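Worksheet: the structure to be examined is printed underneath.
Should a chain be cited, it is by its letter among A, B, C and D, assigned in written order, with residues numbered from 1 in that chain.
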Amino acid sequence: MPREMMYAEAMATALVEEMKRDSNVIFYGQNLGMTDRDPMVRQFGKERVRITPISETAEMGIAVGAAMTGLRPVVELWMSEFMLVAMGQVLNEAPRIRYMTGGQVKVPLVFKAGYGFAAGWAGQHSNCIYHTMMGIPGLKVVLPATPADAKGLMAAAIRDDNPVVYLHHYMLTIDKGPVPDGEFVIPFGVADIKRAGSDVTLVATGWMVKHSLAAAETLAKEGISVEVIDPRTIAPLDVQTILTSLKKTGRLVLVDQATRHASVSAIIAAEVVEHGFELLKAPVKFVTALDTSIPYSEPMEKFVLPDEAKIVRAVKAVLGK
Amino acid sequence: MPREMMYAEAMATALVEEMKRDSNVIFYGQNLGMTDRDPMVRQFGKERVRITPISETAEMGIAVGAAMTGLRPVVELWMSEFMLVAMGQVLNEAPRIRYMTGGQVKVPLVFKAGYGFAAGWAGQHSNCIYHTMMGIPGLKVVLPATPADAKGLMAAAIRDDNPVVYLHHYMLTIDKGPVPDGEFVIPFGVADIKRAGSDVTLVATGWMVKHSLAAAETLAKEGISVEVIDPRTIAPLDVQTILTSLKKTGRLVLVDQATRHASVSAIIAAEVVEHGFELLKAPVKFVTALDTSIPYSEPMEKFVLPDEAKIVRAVKAVLGK
Amino acid sequence: MEKREALSKERLIWMYTQMLRIREFEERIKRTFIEHPGAIRGHSHLADGAEASIVGSLATRNETDLAMPTYRCHGYPIVLGSPAKKIMAEIYGRKDGLCQGYGGSMHLSDPAHHFPGTSGIIGQSIAHATGAALTAQVKKTGQVVYCFFGDGASKQGAFHESLNMASVWKLPIVYILENNGYQVYTHVSLEDANEAAGDPLSQKAQAYSIPGVTVDGTDVLKVYEAVSTAVERARAGRGPSLIESKFYRFSAHGNAITVPPVPTQFPEHEAIETYGRKAEYAAARARDPILQFRAKLTGNSTLSDEAAKKIEEGVRAEMEEVVQFALKSPFPAPEDALKYVYA
Amino acid sequence: MEKREALSKERLIWMYTQMLRIREFEERIKRTFIEHPGAIRGHSHLADGAEASIVGSLATRNETDLAMPTYRCHGYPIVLGSPAKKIMAEIYGRKDGLCQGYGGSMHLSDPAHHFPGTSGIIGQSIAHATGAALTAQVKKTGQVVYCFFGDGASKQGAFHESLNMASVWKLPIVYILENNGYQVYTHVSLEDANEAAGDPLSQKAQAYSIPGVTVDGTDVLKVYEAVSTAVERARAGRGPSLIESKFYRFSAHGNAITVPPVPTQFPEHEAIETYGRKAEYAAARARDPILQFRAKLTGNSTLSDEAAKKIEEGVRAEMEEVVQFALKSPFPAPEDALKYVYA
C-alpha cells in the first residue's frame, strides 16, 4: 500500500527500517543525534547513532575499517563536495580492499551525500561530482530521482556488500510521491522508464528527471513523444534499457546537471556510439551545465544550468525541427 | 637544435629554465631538496626549493594560497593517487577561486604527479585518475607522451595563469627522444598527430601513445594505415583535430589506460557522436583497462591493461576485418 | 619583549565604531530575510558576537598585513576598509558587489583591501592562509597573515598539516581559532577531545611546538594584547602561534536551509532550539562584547554617552544607506556567467 | 595499576624467535632481488630494525586483538601466525599467496590471523584501524586494535582526525608511531615540528588529551611494558594512547624504483646515500634490537649459546623452505583478474 511521502522522508524511512532489520547497521555523521531527544538516538541508542567532528577522512576511513571488521556503516556526509577533502577513501580505499585482499575482506558501507543544490550556494556547494566515482571497479553509485527510488535504493545500498555512494539531490528534498510501505528494495543496474515515448529517447538523472518530464509534457502537447529513462544507478549503468528504447526512437537526448566532460551523459554517449551506433538516426544531443563554476547571482546561475526550455529545444533539434 | 633526452630529464629541464626565467616560480614537495648538495637547492636556494612533510592537503592548499598572493608554485606530488587524499584543493579550491572572486584573484600553479605505473604497484599506486579532473571549469590537465612534449608542456604549464595538473607517465620516465633546446613552449589545446594515416583514426594519451604507435607500425606491414592522434592536453581538449582526421578515415579507435567509464576516450566519443556523427562509417571501438582494480601479479596485471595486440585487434575490428 | 604603547583615544573609538558597524551590518542581513524575502540566496553566516575578536585582532595589523577568514566573512572586510555597500551588494548578488555577484556571502574577496578570499569548505582556507604566509616569507614583504577559522575547523586534517608546516618553516602567520562554542548544531564538547577532557583547545599548539594561548574573545583589549604578542613573534621570523579566542555566536549558524521557493530566515540559536539551553544563551548575551567595551569606554570617560549615541546613529545611518545601495544595484547579465572561468 | 606478571622463559624465547624470523624473512627478500631478479615486482618495504617494536607490541595481545599496520607489513603477520610461506608467495605474486597474488608486498591481509589489511596510502590505515576499534566497541568484543604507522604518517590529516575521534569516543585502540628516523629520504627533523623544536613526537598526544609516551623501540621489553599499559587502558574502556616507538630502519626505504625491465634491489640506506651520515648508521646498527635481546637473554642465562644457535639455525632453515615454496608456487591465471571486484 503506497503512501505519499517526501523524498527526504523516504530515505530516512529506509534507513530506519534497515537499522531495525540488522543490528550491524550503524549511522553517523556531522550534526546528527546531538541529544537523547533525537528520534534516531531514542530508537537505536548512542552506540549506533553517533555525531562526528568535521573530519571527513576519519569519518569515511573509520567506516571502511568498521566495514572490514563486521559493521555496515551508513555515513551522512551532507554535501557531496565535502567528500572531496577525503576522496582517497571513496575512490582508492573502500573499493580496492576486497580486490587487494583476494576476496578475503568485504567493505559493506554507504556514503550518503546530497548534491546539485542550485539555490545560490555558489561555486563550492552546488556541484555534481559523480563523474569522479564512475569507472571505479568495486564502487557503486546511486542517484535517486523520486521518493520511491529514494527508499528502494537506500534499502538496496545498505544491504549491498560493497561500498555504495548514495547521492540524493537537494532540490528534490521536499518533493512528494507515492512510496511503497514496508520491505521495498530496488535492484541496482536497472534503469526506470519514467515516461514511455516513441519519437525521442531522453536519459536523465536526479533533478534533471523532473525537468525532463516537464519538457516531455510540454512536447506531448506539440505531438512529440519523448521516452524519459532514469538509470537510477550510474555504477552499475544499465545501457541495455537505453539501447532498447533507441531501437524504437533512433534519437537520443542526454540531460545532465554536470558540465559536459564531467557528465554521466558523456559515458552513456560513449556506450551508445559503440553498441548502438546503427540505431542512431541523428547525432546525439546534450543538455548539460555550461563550462563555468556555479555563480552565486540568480540570473547567472540559471543561465548556466539545464532547464525545461533548453531540454525542449534539444529534443526538437534532435528531430531536426 | 634538438638533443636526445629522457622524458624525466625533459620535464626537469623545463622546470629549471622556468625557475631561472621567473623568480616567482617556487618548487616543493616530499623527498626533494634534502641537503645543500641537492642540485636544485644549489641553483635556486632553500627559499624556492623546499621539502615538505607527507601533507598533501597543506602542500596543495599552501600552493593555492601562495598563488593567490603572487607566487607561481610547482608542487611535486609523486603519484597522482596521493592527490586523492586532498582532492578538494584540486577540484574545488584552485579552479574555483578566480571565478568566485569575480576575476579579482588568479591562481597560477602546477600540480605535478606521475601515474599509470603498471609495474607491480598493485591496487592503489597504478591508476589513471585524470577523469576526475575533466569537466572542471578553471582547471587544465596535461598528459605528455614524449620527452619533447614533456618539456614544452611543462613550460606552458608554469607560464599559465591558471591551475594546471601536469600528469607524467611513470612507464615513460626513461624513454629518450629529441627535445628542442632553450625556449620551447607547447600551447595547450593543440593535439599532435604522432603518426599520419588514412584508414583509421586512433586517439591515445601517455603510455598508450607508445603502444598505439607500435600497433600502427605492425598494421602498416599489413597495409593498414593508422593515424595516431595525441591530444596532449585533455582540458582543454582539441576535438577539431580528431574530427578533421575522421573526415579522412571515418573510423575511430580510442585507446585509454583507464577503465572505460573513467576514460578520456569516453569523453572523446561523446564529442564525436554529437559533432562528428555523420563522419563515422562504423561504431567507435574502445581499448581500455578492464573493469577491475590493478592486480599485483604480473599475468593478471597484463590481462587487464591495453597492449599492442589488443590495439591491433581493435583497429582490424573497426575495419570489419 | 618591551611593553607596547597604549592605544590612543581615537584608536579606541575607532575600534568601538568598527564593532558597531559589524553588528549593525549583520542585523541588516537578518532583517533582509524578513523585509526582502529572496534577496539573499544560499547560505549566510553572521559575525554577531565575534566583534571583539575580529576588531581586537585586526587592530594589530600593519597596513599590508593580510586577513584570511572562512565563509563566515562579513566582519573582516568591514574592518579592513572595504566599502560596506559593496559587501552588501555582493550578498544580494548584484553587479556592484565586491565580486560582481559571482561569490556571494560565503566568498567575499577584496585583494585591494588585503583580503584575498575565502573557502566555503572547512579547513581548506587554513592551508590557503599558510600559503599566503609562504609568499610573504619568500618575497620578504614583512607581511603577517591573520588566519581565522572556527572551533569545528580545528578537527579537519588541513588544520593539522598546515600548522605543522608553518611551524617547521617558521612562517609569519597567526592562527586565530574562533571558539564560538558550536559548529552548526554541535557543541564543541561533543567533538573536540581537548574540550571533552576539560582542556583548552589552545593545547593543540603542543602538537606543533608553538605558543598556544586561550583568550577571552569578548574583551577586545585582551584579544588585542594576545594577538599583538603573536604578531610580533611572527614578524620577527619566530614562526606561528595559535590563539583560541573564546566568544559566543549570537545568531544561529546560518539562515535556515530551504529549497526554493520556500522562504528562509534565521532560526533560534541552536543552544535553545536543539539543546534547550536558555540560560547558557542568556548568560552569553549578558557578556555582549559591544556592551562590555561601551561600558569600559564610557566608564573611563574615553567616550561620553552623547558621543556614543552619535556613533551609534552614524553607524545606523551608514547601514541604512548600504542596504538601499544594494537593493538598487542591478543584477549581472545572465551571460556574464561565462566570464572569469580562466585567466 | 597492579604490576603485571613477569614474562615466562618460554615466552621470552618465543619473542626472541619471532624477532629472528622477521629479520631472516626480510633478509631473504633482499636476497631475492639479487638471486631471482624480477621475482618481486613493485615496491617492497622491510621491517629489519623494527623487530623489537613489532614483537614487543604484539606480545601484549589477547588472542583476538587486531593488528592494522601500513604497507610496511611483512613483520606483523609473521608474529601473528600467518604461514610465512604464504606471505612470501604473496610477495612473489603467486597463487598460494595470502591474497592469491592480488595484493603483493604492500597489501598483505590475513583476517583469520587477526590482520584485516593495510593501505598503501599514507595515514589512511590509521582511520581504518580506528574503525576496527569502533566495531570492537559497538559489538563489545573486548578486542583492542593495534594501529602501527610511521613518523611521516603522523603529519597526514588522517592521523589528526582519527586520534581526536578515538579520544572523544574512547575507542579501544593503541596508536604505535614507529619513529624510524626517516620517511623515505626525509629525516624527521626536516618535516616534524616537534622534532625540529627538540620535543618528542609523543607530544602530539596533547592535542587529543590522551597519554603520549616515547619508548626505546630497540628494547623489546621496554616496548612490551609501554604497550601493555596502553592496552590495559584501552581494554578498560578508558580510550586510546599514543606510543612513539623509536628505532632505526636498517634497510633503505624500499627497493629502488625502476621502470621494467630495469632490475631493482635495495640501495644503500638514505642516511648514507643522501646525507653521508655513516656514523649515524653505524651507531644504529650497533644498537641492533636482536643483538641487544640476545645479549640480555644469554646474559641472564634464559638462553644458552647453543640453544640460541639452534633457534637461529631453525629460523634459517624455515625461511629457506619459505623461499623454495614461494618459488615453486604457480602464478594465478590471467583471467583470475576478473574475480573479487564485487562481493
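The rule is short, and it goes like this: a contact is a pair of C-beta atoms (placed from the backbone, for glycine too) under 8 Å apart; a residue touches a chain by one contact, two chains touch by 3 or more.
All values reported here derive from a predicted model rather than from experimental measurement.
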For this session: Indicate the lowest number of steps between subunit A and subunit C, counting one step per move to a touching chain.
Result: 1
Exercise. What chain lies farthest away from subunit D once each centre is taken as the mean of the Cα atoms?
Worked result: C
For this session: Could you give the separation in Å between the centres of subunit A and subunit D, each centre being the mean of its C-alpha atoms?
Result: 41
Exercise. If you average the Cα atoms of subunit A and of subunit B to get two centres, how far apart are those centres in Å?
Worked result: 29
For this session: Indicate the whole-number Å distance between the mean C-alpha point of subunit B and the mean C-alpha point of subunit D.
Result: 36
Problem set entry | Junction residues of subunit D, two or more chains touched | 99, 101-103, 107, 119, 121, 123-124, 155-158, 161, 164, 168, 190-192, 341
Seminar exercise, completed: Shared-interface residues of subunit B (touching two or more other chains) are 52-53, 55-57, 81, 84-86, 88, 92-93, 99-100, 122-124, 137-138, 291-293, 295-296
Exercise. If each protein chain is taken as a node and each touching pair as an edge, is the resulting graph a line, ring, star, complete or other?
Worked result: complete
Seminar exercise, completed: In the complex, subunit D touches subunit C at residues 155-161, 163-164, 167-168, 190-194, 196-197, 199, 203-204, 206-210
Exercise. Along subunit B, where are the residues that touch subunit D in the complex?
Worked result: 30-31, 34-35, 51-57, 81-82, 84-86, 119-125, 170-171, 173-174, 290-293, 295-304
Exercise. Residues of subunit C touching subunit A in their complex?
Worked result: 40-43, 93-94, 99, 101-104, 106-107, 119-124, 152-153, 155-158, 183-187, 190-192, 259-260, 262, 274-275, 331-338, 341
Exercise. Considering the complex alone, what residue numbers of subunit A touch subunit D?
Worked result: 26, 47-48, 50, 52-53, 55-71, 73, 88-89, 92-93, 97-108, 137-138, 161-162
Exercise. Contact residues on subunit C for subunit B in the complex?
Worked result: 66, 68, 97-103, 107, 109-111, 116-117, 119, 121, 123-124, 126-139, 157-158, 161-162, 164-165, 168-169, 339-343
